[in-house]
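What follows is a set of structures to go through.
In the two complexes below, subunit A is the common chain; its partner is subunit B in one and subunit C in the other.
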Partner chain A sequence: MSEWLESAIARAQGINDWLAPKRADALDLLANSQWPTRKTEAWRYTPLRPVERSQAKVLTDEVNLEPIAIADLSAIELVFVNGKFDPSQLAKTLPDGVSIALGRDLDSAKQTDALNAFSTIKPQRHLFGLVNDALAQDVVIVTVAEGVEVAEPIRISSLLSQSAESHTRVQVSLGAGARLTVIEDVQAQGESLNTAFVEYNVAAKAYLEHYRFALQTGTNVAIGGSHFNLHDHAKMHSSIVAFGSDLSRLDTDIIHAGEYADAKLNAMYLLDNKELFDLHATVEHAMANGTTQENVRGIVADRARAVFNGRIHIHRDAQKTSAELNNRNLLMSDKAEINTKPELEIYADDVKCAHGATVAEIDKQALYYLETRGISRSKAQVMLNFGFINELIDLMPNAALAEWVRPIIRERFAQMDVE
Partner chain B sequence: MSNTKSLLTIKDLHASVEEKQIIKGLSLDVKPGEVHAIMGPNGAGKSTLGYVLSGRDGYHVESGSVALDGDDLLAMETEERARAGLFLAFQYPVEIPGVSNLEFLKAAVDAQRQARGEDPVTSADFLKEAKAACKQVNLPVAFLKRGVNEGFSGGEKKRNELMQMLLLKPKLCILDETDSGLDIDALQVVAEGVNSQRSDDRSFIVVTHYQRLLDYIKPDFVHVLSGGKIVKSGDASLALELEAQGYAWLQNEPAEDELEG
Partner chain C sequence: MTEQIDKALAREYEAGFVSDVESETFVPGLDEDVIRRISAMKNEPEWMLEWRLSAFREWLEMEEPDWALVDYPKIDFQSISYYSAPKSMQDKPKSLDEVDPELLRTYEKLGIPLVEQQMLAGVAVDAVFDSVSVVTTFREKLEEAGVIFCSISEALHKYPDLVRKYIGSVVPKKDNYYAALNCAVFTDGSFVYIPKGTRCPMELSTYFRINEQNTGQFERTLIVADEGSHVSYLEGCTAPQRDENQLHAAVVELVALDNAEIKYSTVQNWYPGDENGKGGIYNFVTKRGICHTNAKISWTQVETGSSVTWKYPSCILKGDNSVGEFYSVALTRGRQQADTGTKMIHLGKNTKSTIISKGISAGRSNNSYRGLVRMNPGAQGARNYTQCDSLLIGDQCGAHTFPYVESRNPSAIVEHEATTSKVSDEQLFLCRQRGLDPEKAVSMIVNGFCKEVFKELPMEFAVEAGKLLEISLEGSVG
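Here is the complex of A and B:
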């Protein structure tokens, strides 16, 4: 076990609140966990040295940080500053049928529900998920009542000052037939360390639109997870945009817990310098007639490293499942590295599944075509790279978010070295 | 006419692809405003000529020279050739999802403007111009928003090539089997577009397997390409002769270097 984890466990043991039984479970599991090494499959390509060496500390001083504005986006802001929920940034009146509250402030019936639901969607195998179970100080519970369609997105922002450590946790529950958009975002000022986990329970016929932006770079360490439980006829559409940092790791779990659920996941990563980004995406088809479409695209430049593990597990009873997983990567330098591993495990016999992973250089025919129109090679490369990612941005249902992130990605390309 | 300076002069061009000789001593002289048709059987090197002239990777010029407006074309990069006024309309235009047609067209026009020392065209002005070009080639304006050639039918791709030609206003257009895969209506649209661009200072090389296209685009000269060189040249009537006789007669008049192999 590492010193970092020992200290985390010691700190967690001092917390005694409404989540005590769940925190104790997590601590038990942590006590019996091995600190991951290169031999640990889930961390094989993602060394934890940046965590071991991290000097980030939980800061107790009051700090005022505000999430960056997104043009044309009016959102319900759910803000954590250095791990602490900032209620002053939350709208005084929420739409009917929407409740956002700290778990400790809930009445006892609701608190019991929240306690029972806590950590039931996020699988126990995520080591830092357990750390988050044990250490997340302010756990925020979001519920949308049955049949309520929430027009404004909820934006969960985790803001960190220099060298801050934070552990944030949000539990989102959509009632039957409800509709909601949630945006997860981390903004960090350097040398920070955060774990940010969200569990989503999407009841029958509900629709969740989800965005996760992991755009912190440089010396920040970010480990997080988005975990989804889909009931009968539930739908989700998720878009993930990531840059890399010293260590940036995201685990997603999509569980088809009901029949006829539909999941779409589009993830894109753009890595430069010595950055690392690691996406572990798992889909569990536990029930029949579910569909999953997963498109993951990355561009890796300089000496950056991308890790993608995409697992689709089709259980024995999940007949008539249709699942597709596609991972495409472009390498922009010969020192850039991609470790991609799509995994299909199928135990049902009447399913439609496809998966593929490619690592390629830029399409030479397309490059030539652009050059024959007078476009310079370097400009053509930027256009093609951008186009490769832009296809997935075009699929974002929320136009304001697409228009916000598009120029950010364009800027990123302008900075990336084109050889 | 004979005193006019040539726009394109190809002299004894030899070129290979993957170490295989395809062009074997081709010479051609094109003056401003002329339309030259190059016909020939499959495998004669018709498409290769366009690729060599545009500077495609993997197409090696072994000897000979090509001058465009007096400048050494072969010394230029592909994009410089385009900026110098060369345009190749592809037989199979490439699909580029994620790059919008409008963005692509503007980047191409701006690259040429930049080469001439002009500022980029404003988005509003360009959109107007692009919409007009769409109309002229009979493509819905919505195609500007779509990925370059993405999901376009064969005819739509060819019309998109034509639209690029309208916007880029090249000096020399090489149409590589522009008629392939087009029905008669689409063929007419493309031919009308080409004819509308004919002028005293713009020349065309129309590469085709069939005479059909030449009913609509009347050539000044017709050349027969076989075995990597031009084996016969004539006026428009040569195309009709080829249509009537096919290319089989060429087998009886092989080019010299074909005898070596």
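Here is the complex of A and C:
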């Protein structure tokens, strides 16, 4: 076990609040966990040295940080500053049927519900998820009542100052037939370390539109997860845009807990310099007639490294499932590296499953074509890269977010060190 | 004729067996002493013993791998006897009447001639005349071409330098748990050397190597194709083979020097155990080849037997322009578990690899493809294409795919595709409409599914492989 984990466990042992039973469970599991090494399958390509070396500390001073404004987006802001929930940034009046509150402030019936639901969607295997279980100081519970369609998105921002350590946790629950959009975002300054986990319970016929932006770069450690539980006829549409950092790791788990659930996930990673990004996307089809479509695309330049693990697990009862996963990667430099592993684990026979993965460089013919039209090589490269990613941006249902992220991506390509 | 028989009998002696210890079977257990005795029994050179001992010491430090998707009780390595002498004639069945009728029924379906049936079932026949003469002409022809094809024990005496140079050069001693164990205790296996520029005049098959019988559970094969040579090697046979040993941990090493080509085909149909998977063979094999410049290694396998299979025939594409191929059909039924696939390690420029894997699961079995394609920084312009298809028959089985793709060269192209589905109702309906019974229809569809792999098999195997699948699928449909 590493010093870092030992100190985390020691700190967690001092916490005694409404989550005590769940924290104790997590600590039990952590005490029996091995610190991941190269031989640990889930961390095979992602060394944890940046965590081991991290000097980030939990800061207690009051700091004022605000999330970046997104043009044309009016959202319900749910802000964490250095791991602490900042109620001052939350709208005074929330739409009918929507409740956002700290777990410890809930009345006892709701608190019991929240306690029972806590950490039931996020699988126990996530080591840093367990750390988050044990250490997240402010756990925010979001509920949307049955049948309520929330027009404004909820934006969960985790903001970190220099060298700060933070562990944030949100639990979102959509009632039957409800509709909600959630945006998750981490904005961190240098040398920081954060774990940010959100669990979503999507009841029957509800619809969740989800975004996760991991655009912080540089000397940060960011480990997080978005975990979804879909009931009968529930639907979700998720878009993930990630840059890399010293260590950036994201786990998504989509569980088809009901029949006829439908999940779409579009993820893209654009890595430069010495960045690392690791996406572990797992889909569990536990029930019949579910559909899943995952599109994951990556561009990796300079000395960056991308890791993708896409697992689709079809359980015995999940007959008539249709699941597809596609991972396409472009390698931009001979120092860059891509490790991808699409996995299928199938125990039901009447299913249609497929996955594909490719790794290549930019299409030379397309590049040549653009050059013959008088476009410089570097510009042509940016255009082609952008086109490759833009196909997924175009699929974002929220126009304001797509418009916001496009120039950021274009800028990133312009700066990429390509040959 | 007597001369030929004498010759055949004498050859066993050449292999280094000393007649007075021949009847000995070791008491179960494994320590350095056992290894010294194996080595002494085979009258091996000192370096070979040292090599075995150092592998054994490495093995003691190693842990049994647990990453494969297979489940079996822990093996007690101390309860295995590491050397058993060939069975004496008295212990063998006297005639085919004493052989399990189920086995005979399968032979019949495969259309195996009576004499060969006796050989396969281990019937005590003084000399199988036809086979002996076949073997003799076979050896003469090979000698003419300068091809060396003998047991590895024989090669250790006759060609020690060749063996010493190449053994362990592709699969190092401590490569993995079972390979290390094999290095320590292997009892026999085949050695092939094809001289420069030679095209081996016939397909080499273990089946025709007369002293093949009882190579034991730790078999070791080493094939060296010198520059510009070509060889096609056939391992195993479609007929189910009797075997008393439950654990098989073989090592196969292939060396294809510049411009050489090795084609290695396997049909594996060992005892899969009863319907609860009891008593079947554990097949934990390490197979790997190294390709030098412009060389090519092609693995083709049809795996239908064993209760647990753990096998990844791989290619190290070291030389520029070298080519690696892997064609596989793996069928599991009953309680069988297979975790099989390949590794293609691209080191050289413009190296190419193709992986076609077809997995069929039926009954309560689990069938996994596990593969690795690695493009190293030097693999300029390298190319890989992988296709893994799985077919599920019945709702109690599993089909899994675990492909690892690692690329560190932007000019290398890797493509991986995998699909899983069941036998399509439309196809079944069409076949049944044409008057085929469901079993025939499924077997036809499965045959079509595997066609891409079957066409890579040498003629001898291709026909039988189809029949083998048909028999294996019996009772799985409906």
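Keep in mind that, in the parts below, the second predicted complex is superposed on the first by the 419 of 419 C-alpha atoms of A that agree within 3 Å, B and C clash if a C-alpha of one lies under 4 Å from a C-alpha of the other, contacts with A are read in each partner's own complex, and residues count from 1 in each chain.
As a working rule, a residue touches a chain if its C-beta (ideal position, glycine included) is under 8 Å from a C-beta of that chain, and two chains touch if they have at least 3 such contacts.
The structure presented is a predicted model; accordingly, all values stated were derived computationally and were not measured.
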Superposed partners subunit B and subunit C on subunit A - clash or fit: fit
Touching partner for A:Leu29 - first (subunit B), second (subunit C), both, neither: neither
First, second, both or neither for A:Ala402, with subunit B first and subunit C second: neither
Which of subunit B and subunit C A:Leu115 touches, first, second, both or neither: neither
Partner chain(s) touched by A:Cys353 [first = subunit B, second = subunit C, both, neither]: second
In the superposition, subunit B vs subunit C on subunit A residues touched: C
Which superposed partner A:Leu94 touches (first subunit B, second subunit C, both, neither): neither
Touching partner for A:Leu102 - first (subunit B), second (subunit C), both, neither: neither
Least Cα gap, in Å, left between subunit B and subunit C after the two complexes are fitted on chain A: 15
Footprint of subunit B on subunit A - complex, ascending: 363-366, 368-377, 379, 383-384, 386-391, 394
Residue numbers on subunit A that touch subunit C, as the complex places them: 41, 45, 316, 319, 329, 331-361
Subunit C residues within the subunit A interface of the complex: 67, 69, 375, 377, 390, 392-422
Touching residues (chain side subunit B, partner subunit A) in the complex: 54-57, 77-79, 81-83, 87-88, 90, 93-94, 96-99, 103-104, 107-108, 111-112, 115, 147, 164, 168
